[in-house]
Amino acid sequence: MTAHQIIFYCLAALILITGLLSVTCPKVFRSAIFLLFSLIGIAGLYFWMEAEFIAAVQISVYVGGIVVIIIFSIFLTEQAGKETRSIHPVRTVFAVLAALLGMILTYLTVLNYDFVESNEAFDLNIPRIGNAMVATGEGGFSLPFEVVSILLLAAMIGCIVVAMRSSITKPDEKKLTQSITEIDEA
Amino acid sequence: MIPVSHILILSATLFFIGMYGFVTRKNLITMLMSLELMLNSVNINFVAFNKYLYPGKLDGIFFTIFIIAVAAAEAAVAISIIINLYRTHKTIDVGAATELKH
Amino acid sequence: MGGYEHTLWTLFLPVISFVLLGLFGRKYFSKSAGLIGVFLLLLTTALSLYTAYQYFFVNGLVDGIYQKIDAFKFTWLTFSPGVSIDMGIMLDPISVMMLVVVSSVSLMVHIFSLGYMKGEERFATYYSFLGLFTFAMLGLVVSSNLFQMYMFWELVGISSYLLIGFHFQRPSAVAASKKAFIVTRFADLGFLIGILMLAFYGGSLDFNTIIQHLSAQQSSAYLAATTASFLGVTALTWGLTLVFMGGAGKSAMFPLHVWLPDAMEGPTPVSALIHAATMVVAGVYLVARLFPLYALNGASLEIVLNVGLFTALFAAIIACTQTDIKRVLAYSTMSQIGFMMFALGVSGTQGEQGLGYTASMFHLFTHAFFKSLLFLGAGAVIHFVHSNEMKDMGGLRKWMPLTHLAFLIACLAIAGIPPFAGFFSKEEILLATYNKSIWVYAIALITSGLTAFYMFRLYFSIFWRKEYNGHSHPHEGTMSMKIPLIILAVCSALVGLIPFGKFVSVGNQPLETHFHLMFSILPIIIGVAGILIALLMYKKENDRPQNMAQAFGNFYRAAKNRFYMDELYLFVTKNIIFKWVGRPSAWFDRKVVDGSMDEIANLTLETSKAIKGLQSGKVQRYAMYFFGGIAFLIILFVYILK
Amino acid sequence: MNLSLLIIIPTIFSLLLLFVNGLKQVRTVSLIAALLQFAMSIYLIVKYFAERAVNKAPFLFEQHYEWFKTPNINYHVGVDGVSVAMIALTAFVILAGVLVSWKMEKLNKEFFFLLLFLSIGAYGFFISLDLFTMFFFLEVAVIPKFILIGIWGSGRKEYSAMKLILMLMAGSALIFVGLAGLYFNTSGNGSFDMLKIASDNISPELQRLFFPFVFIGFGIFTALFPFHTWVPDGHSSAPTAASMFLAGISMKLGGYGCLRAATYMMPEGAAFYSDAIIILACIGILYGAFATMMQTDLKYINAYSSVSHNGFVLLGIGLLTKTAITGAVLQMISHGLMTALFFAVIGMIYDRTHTREVAKMSGLLKITPFISSAFVIVGLVSLGLPGFSGFVAEMTVFMGGWQKGNMFYYVATIAACASIVVTAVYILRVIGSVIMGPLKVNGNEQVVYADATWYEKSSIVLLMAGILVVGILPFAVLRLIS
């Protein structure tokens, strides 16, 4: 067993164990922390697969961004120390069974399939990615890039609208009615 | 040398862990976290396929990048909705969200 | 063979009358409709008489045989090669004879109606219906094609329906018209199926071709028709019997006769035209038309004979008991048509043996005159007495001398007293039956005695019996009512002298009929005896009729109730057809067929309600379904449908 | 002759209707549209005869445009004699329908719009040579009925409209399955073109598989037993003009479809199922007739009798002889005109008496002679009186049935023949109690109604003329459709 392999299994173990803990841990904040580790493990896996750019993105976006947002939201919704409501045990059993069944199915499928691995070198340098990102011709990804940017814009606007609506309009209405009643009283 | 199938098994296991979490959790935030796990398992697949099967291409990498971008956007939207829900209902239990259908 | 173009006009003129008066009569000819109708009919009659003259005396006879002449023909509707409905005019002795009978009786009725129907609200409509009937009947008799005959047959039926129901506000008239049409329609079903069979085996619908194909013993068509059998009866017999069923319906043969007495609800001139002289003999005419086939097919001819004989006796018995004068006449008509039928039934195909055929046609001819005279006379009586019942009449001879005389002549004619018309035709029939079978002869003789009896019962009840003491003041009708009576009376007295066999015979060869004096004595005696009995019983009011009725007891009651045939029919239609077929089908449709459709709809609704629960709005459940679905698809496509 | 005009003209006029207001303008525009269609159909007949004399192609006046290129769906139209006859029938019924609705008060613009819209569907259906186009126009002709019944109907209109549309849609679904089956089994890339499919000789197994779908689908439209239950409810709830269209044309769409799309395309399938069709048709004929006997509502009576009469269409198609199929086509034409007239007259009676119960009226002949006479005449047409169209059609079917020369066909033909007696029973029963007898309406003996107005008269005369033409000059019609 080479070091290469050992590293893979270690990373796999890290990812799976922390992932499992993150979905089972009753305390929300803790599960967020476990998720963080799991994501870091995945970033490690990307490094292991020589996809350094992806690994970097993974760390900066997921670890640095999404998990932080999640933790913020946990604090905002005052859930940090709370234990989540446990569900009916029967449903847990069913969920476990379903997950196991799915796993077995997938395993069987994967193991039965004969993957033809290519012997070419996997060369992933960042200029190549950058060029492909804005290229318009064959093998270029400018269109999905634009689509994703529009999506991001839309998501951002959506966030603002969703988050703002209730916080801004409702107090205003209250104030309005208040002032009206005041005028009436006067 | 690790065969590609091992990586796939890893990702599959991660996926079903995420699924298990998604189905069993009552808390919207934890459900969102499970979802992130599932997305990541998919990403692993893409990168693995790209590296092992089509090293000459970049499609898998780009898919991963886009999925990460979409996931970020999705997380942001989801969180904003969750917070909004919390403001109106004082809970983020998934049962409260069934009110959406009315 | 040309020279018969004018015959086509005998058909067109009544159509013109029908269309003109039917469409515009109400508005423009409400008064003059009658005159228009009479004028057109006069032309028709003149043309048909001219046709008859031309046919019988100028160019019909070639090589000693009356030829069948297609005066006119065109293909109206082709079903398949060879089988088509041709509209045509075929002239042969019987069709020319019928042409004369129909048009002249119709003319008489047209004229008579001028007075009889005067002041009716739907005067023009009445004449237009008469025009329709005349057209249809003329079309029927000149048909060259079996299907053409069927078409006109139906048209005749419908014009009969319209005329019976002419007084549409009388429920009894409506019911009677309905009954007449439906019963004859039922018979026509048989006719239609018979046509289909004959057309199938004969390979054509043309009379001549069918007869040619099916009467040649060696022809393949004949063999096919006689070897194919159903229930042990050959296809040819079935076909002919079914065709006869149609004829029996129209001619009111037992057991399809129930409509005829009720049909007397129509205006009396209509009864004279349709239900005495012309339409009801269509059945006889039909059998005569196809006679070469019947004559070859013993079984079906046997049926014709037996049905005719039975009806003649049966109707005569009933006629003795009825009190409504028109019903007496109706049953008498049935009885006389029975005579014609069984005369055909005893006929052979050759020379002397074919006497029955000649006799039947002769009787048809004479009967048309004296029976329409009887009806018109009865119509004149009814018109002024305002009742159909014998008890409201009596002693009318003083008030209506002309009608009385005409009626007497007609009664003598129908009773078979020489030298009136009925005597000659009836003698021939009796002679023909005598040659065939003594039993048939005996029954025919009895029936003819009964005929004399009930006719004179009718005569005495109307014109003698007592002094008239009703409320109305009977008197002779207008000129238009008198003229037809006179003309018909003269005809009834004299047409018997025509040497009929010279013109109409089974092979279309002039037949010399011999008059057997010795043979005639018995029938005359029986006829006179019938008259005498009637004289004793009905000339003066007395209690002999009651005694007689009591002597017969149940039999009398059954006959008076027409042997309960109407009740039987009512039972079959009301209780069996309506209750056990109609209602269940309607029920089945609403409950079972429609119900099952509704159930399918309900089932869909229920299912959707059931699966509505799946749409719970619970995200996690959706996720489960989603994964479950994917797992299912994977199993399906990767492992099962590999 | 440009066949597309048949579609374009009603389309233009129905759009034009959107810009006019008020009953007077609306009906004028509709009348012009109907008259134009009528003139066009007559012109088409004349042109058809002229062209047919020199051109022996199976379909004339063909036009061909690409519609959807990829799935090979084309706008391909052309006519043969049968479709010309059907087009003329449609024109007759639409014109009569517009005339009958002359006084339509409620939402008149929408009503006439939908009527014209229906005619687009019918014309398109009859001229299509491409199965998909045909199906498209079939649906165009189905949908407006739902609205027509639902809004302008009477009685249980929502239920009826729902039932009608669901059953017809189920029929359409079956048809589409069958058509798709044909499409994927033509040689080459798949085609909806009728001529191509017919000449392709699809294998007998496949024909047997797909024939029932198409036939039952169209059979639902033409009241195939036991899928006829939408007919009584749908017809009785629909407004007069819609009833006329529904029974007069819509049911003919089914018959025409059975003939064109089912039998013509899949002769072997038709031969295989022939016996079953004959049995169902005979059941429909007799059973419809018996069920009619027990009805008390005039519209139900006509609706059930339509079931019976359409049985002749199906019987003729099922018998598969040339004579019988000719009879079926004649019966379609005849029944279309007759039933439209029947519904028109029933509508007129209902407008006056406000009841359709047979028992509640009698003796109408006394006060409304024109309408009553029309009622009697149409009744006589229905019971197959010679001189009218029904007789010709029925007799041709019988003759065709008998010529098959086999006991099974004999029995079937006799059963069908027997219906003429039952028909006489129920028709005369209705005439006897509604038209004849002492005058009495809703228990009132002193009623006065106006007789037919000019527009009612003209619609009656128009349809009657059609009936008489077919009845008296069948050889001319046969020359057209043979």
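Every chain is named by a letter (A, B, C and D) in the order it is written, and numbering of its residues begins at 1.
Here is the rule we go by: a contact is a pair of C-beta atoms (placed from the backbone, for glycine too) under 8 Å apart; a residue touches a chain by one contact, two chains touch by 3 or more.
From a predicted model like this one, the values you see are computed outputs, not experimental measurements.
Q: Compare the CA centroid of subunit D with every other chain's and tell me the farthest one.
A: Relative to subunit D, the chain with the farthest C-alpha centre is A.
Q: Centre of all protein Cα atoms: which chain's centre is nearest to it?
A: Ranked by how close its C-alpha centre lies to the overall one, first comes D.
Q: Where are there more C-beta contacts: A-C or B-C?
A: Answer by contact count: B-C.
Q: Can you work out the whole-Å distance between the CA centroids of subunit A and subunit C?
A: So the centroids are 97 Å from each other.
Q: For subunit B versus subunit C, what separation do you get between their C-alpha means, in angstrom?
A: Measuring from centre to centre gives 93 Å for this pair.
Q: CA centre of subunit C versus CA centre of subunit D: separation in Å?
A: Using C-alpha averages as centres, the distance is 36 Å.
Q: State, to the nearest whole Å, the distance from the C-alpha centre of subunit B to the C-alpha centre of subunit D.
A: So the centroids are 60 Å from each other.
Q: Among all residues of subunit A, which ones touch two or more of the remaining chains?
A: Within subunit A, the residues that touch at least two other chains are 95, 98, 102.
Q: Quick check: what residues of subunit D touch more than one other chain, meaning two or more?
A: Subunit D, residues with two or more chain partners: not present.
Q: Residue numbers in subunit C touching 2 or more other chains?
A: Each of 624, 627 in subunit C touches at least two other chains.
Q: Chain pairs that touch, all of them, please.
A: Applying the touch rule to all chain pairs gives A-B, A-C, B-C, C-D.
Q: Residues of subunit D touching subunit C in their complex?
A: Residues 163, 166-167, 225-230, 232-233, 287, 290-291, 293-295, 304, 321-323, 363, 365-366, 369, 380, 383-387, 391-392, 395-396, 398-400, 402-403, 405, 407, 413-414, 417-418, 420-421, 424-425, 428-429, 432-433, 435-439, 474-475, 478.
Q: Could you pull out which subunit A residues touch subunit B in their complex?
A: Subunit A residues touching subunit B: 4-5, 8, 12, 15-16, 19-20, 22-24, 28, 31-32, 35, 38-39, 42, 45-46, 49-51, 53-54, 57-58, 61-62, 65-66, 69-70, 72-74, 76-77, 79, 84-87, 91-92, 95-96, 98-100, 102-103, 106-107, 110-111, 113, 115-118, 120-124, 128-129, 132-133, 139, 141, 144, 148, 151-152, 154-156, 158-160, 162-163, 165-167.
Q: Applying the document's contact rule, which stretches of subunit B touch subunit A when the two form their complex?
A: That would be residues 1-10, 12-21, 23-27, 29-30, 32-34, 36-37, 40, 43-44, 47-48, 50-58, 61-62, 64-66, 68-77, 79-84, 86-88, 92-93 of subunit B.
Q: Would you tell me which residues of subunit B are touching subunit C in their complex?
A: Residues in contact with subunit C: 19, 22-24, 31, 94-95, 97-98, 100-101.
Q: State the interface residues of subunit A toward subunit C in the complex, per the touch definition above.
A: Against subunit C, subunit A makes touches at 95, 98, 101-102, 105, 109.
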